[in-house]
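For reference, the structures are reproduced in the following blocks.
Both complexes shown next keep chain A, but they swap its partner, so chain B is in the first and chain C is in the second.
Our next item is the complex of A and B:
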């Protein structure tokens, strides 16, 4: 039994969908809110997993794209009266374009240098959100963001909005599933593993690098466009660097480069802290110890751990060349 | 008819050191040209300049009469110029078959069809043929990183041939390959050379391998061509003997 087996993945996927649909039935509004937040953060993490996990381009800019997406959809729906659907598409498009542009530095610098470039970008966006009051209302934030009415279906109630988030998550998952299995996904992985060799095989590394950034960022924008109506109020604080680090944590803990990694990572990051609430002040310590232990035991993340367990012992995955 | 590869007056210097000095040669269709020379004589640098991995300080490279100087490696590859590297360069986390599909996919369709079209870009069959040809059937599903050195070397070569290239530059294909596999590799290379009319340029230290495979040999020393000719001519050239033994 291998995790890469399509049937195993399909069964796991179906099981997951069943649980997700049934999940809010016994929950209070706060619980449903958290589940929705999990879905939103999963989408952002899926985007980062594409850029980082598959294409190997480290980015600390994902929070900035969630922020751009959130502000874009909030401003367009509240100040300009755009329908949510149009604002949603606009948020994704805007992040796609900005993500494409942010990809250019990645053509020159890699690894920790790239991390710093993207870190600077997150800080820059945060400053714009906080200081450009004419556009973003600064630290006062934007309130009165309504949850959308979609083809006569009001998503005002928490459970309805949760299902809406779930539908978007399903769409994003399908798109990503398809993408990572297409030649593009293969080219992304080639970029991660050996860009020089990839280029010698005709892979246009420049174009694929930019695309990896653009698509990953667009998914950050999609998450943001859902975040705004979920919380119904946005200010710059949640889109600071700490969210970027958090999203990075989700990708790494879940299993960077694994399709289901971001879903698990978002559970650890969004839901686990709530479950640890009974420990009062100890929760951050327990949480930190858990993450550290995981990274020591299995640097490939939770799914790396699962794969290690299920893999026949005779075959080693990474032998030295 | 234009030569498949024509290098004219190529220079490459790194700071004050010139690695390649005024190298000119031609390779014609169907030839297997060997390039030999002591370590540090500029063979790999020459390859990297021809293939766009390095920018030559001066000189021109033509493929089929068309100037390709300054083209990116990926553009050159799509013109039918392929290569292997001196050090192993496979994608360790992809399976053997995926490695081969990757090696061919950028030659199929457009960016758009590669996004929305078939996952394997229609190359599974071609990949399987290549797997058969290089006798990698039993490891086709394995991750390339888990293969033995010799198998990875074969995969590396197979990837270079996946897109049916016109010209292939092989950088030490025999390095670290045991004798049985070496004979096998030579036989595969000859077969491809004859069946596909592919033209080869081979850098190699293994004299027995190079002498038996190549139709013509260039000898490089300190960045310059010091001899050229058939294997027999080169073997008996006093300058070549001196360059190798050092006096």
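Our next item is the complex of A and C:
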């Protein structure tokens, strides 16, 4: 069994869809809320997986894009009365443009330097969100964000909104699935594996690096645009650096460069705390130890581990660079 | 006069940043470890001391010694053996992830098993103020500057003048060649981890009386150390010192003259500017890029 095999992935995908549709039945609102949060975080992690896992550009800016997306959709719908659909598109577009611009440093610096530039970016965005009260209401946050009404379908109830998140997640997954199998996706991977060779083969590394950043960031924006109506209240705190680190952990823990990695990583990060509730405050400690142990055993993440178990003779597969 | 005050308190903060940044950079040089837990490493030793006093009933002086020893063992030896060694062959990114997880572990561990509230920490020196040329300067700040400068000078002397120090530099510059020359590379790397542990412990003892000991202290400190190391130049001890001092002063000046809300933003702008226009750092030499 090879996880990169198309058929295996297709079957896994179908199974996943079935489980996800059935999941909220019989759950309390809080459980459905968590499932929705899982879908939202999965979208953000899928975006980061494109930038990091496929194109090999380490980014700690994803939280900033989730934040920008969330604020963009919240401000446009509450203060300016935009319909949700328009605000949603705007959030994705805005993040696409900012992500594109952030890609320029990526052209100049690599690896740890890039990590620090993007880290600085996240912190700067956080400061802007906190300090520019005229726009973002600062630490008081924006409340009263309504869940949208789409073509007569009200997503006000938790389960309806969950299905809405699921539809967006499906759309994003389909888009990414197509993308990584297109010439673009191959160009991204070439960028990750060996930028010098890629450019000598005629891949426009400049354009693809910017694209990897822009698309990954736009997906962060999409996640943010869903986050705002999901929580119905936003303030700057959730979009601080810790979310960026958390998203990075999700991608790596799930398996960076694997299509299903972000889904799995988001399960570990969003749903596992709930299942480990009986441990009281120890959850994060257990999580941290688990991540450290996983990195020692298999730095390619959980999916890398699965592949290793099922195919012990193959090389570690598509591990992160 | 206010300027002098700001400069001195800036230099004091900067001296602490410099200590942390030097250790951070040493780890990077000798073992390609980007330690995302460096800030938590500064947070922890203060709790070793507090725990030694609370549970061991030790005097403050003895507790400091115990704290230093515990740091050397936990943050130096154990960190290297348990976290870094098994990860080295996997490359930079998995190790980064590991240290992020370690940071989380240390933070939550202290919160869970010691205290979630800020703990007061006894000062090594008095809290008096001196008046120098009309400016009010706290003795504490002067002591911090003095101790940090002494520690850094000692380290510089050690690295440049002793045989072991030179072996460590050789290891950092070219491990393969150093091994051929008969240098015990593994041991040299261990020494850098111990030095880093000593530096962060020192920084912890100096800064905790001012900012109190709290589990979340590491976040800002770690960020400051990264910025200092990069601004100064990632491959030089001198660079990290200059970066640290510069950062401390810029931070304090920005808070006083530009905007307290955006004081955190100024160092970040400096960081981005340096990375984009002078990625080798202010004092650094260009790093060779291997294809």
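One rule holds in what follows: the second predicted complex is superposed on the first by the 312 of 321 C-alpha atoms of A that agree within 3 Å, B and C clash if a C-alpha of one lies under 4 Å from a C-alpha of the other, contacts with A are read in each partner's own complex, and residues count from 1 in each chain.
Throughout what follows, a contact is a pair of C-beta atoms (placed from the backbone, for glycine too) under 8 Å apart; a residue touches a chain by one contact, two chains touch by 3 or more.
The structure presented is a predicted model; accordingly, all values stated were derived computationally and were not measured.
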Chain B versus chain C as contact partner of A:203, first or second or both or neither: first
Touching partner for A:86 - first (chain B), second (chain C), both, neither: neither
Partner chain(s) touched by A:182 [first = chain B, second = chain C, both, neither]: first
Which superposed partner A:14 touches (first chain B, second chain C, both, neither): neither
First (chain B), second (chain C), both or neither touched by A:167: neither
First, second, both or neither for A:135, with chain B first and chain C second: neither
Greater chain A contact set [chain C / chain B]: C
Contact residues common to both interfaces of chain A (with chain B and with chain C): 196, 321
Parts of chain A lying in touch with chain B, wherever the complex brings them together: 179, 181-184, 186-187, 189-190, 193-194, 196-207, 257, 315-319, 321
For the chain A and chain C complex, residues of the former touching the latter: 58, 105, 108-113, 115-117, 119-121, 123-124, 127, 130-131, 196, 241, 245, 248-249, 252, 281-282, 284-285, 287-289, 291-292, 295-296, 299, 320-321
Chain B residues within the chain A interface of the complex: 51, 53, 72-74, 77-78, 82-83, 85, 88-94, 98, 101-103, 105-108, 111, 114-117, 119, 121, 142-143, 145-147, 149, 152, 159, 162-163
Chain C - residues contacting chain A, complex: 28, 34, 36, 83, 86-87, 90-98, 100-102, 104-105, 108-109, 111-112, 219, 223, 226-227, 230, 261-262, 264-265, 268-269, 271-272, 275-276, 279, 289, 291
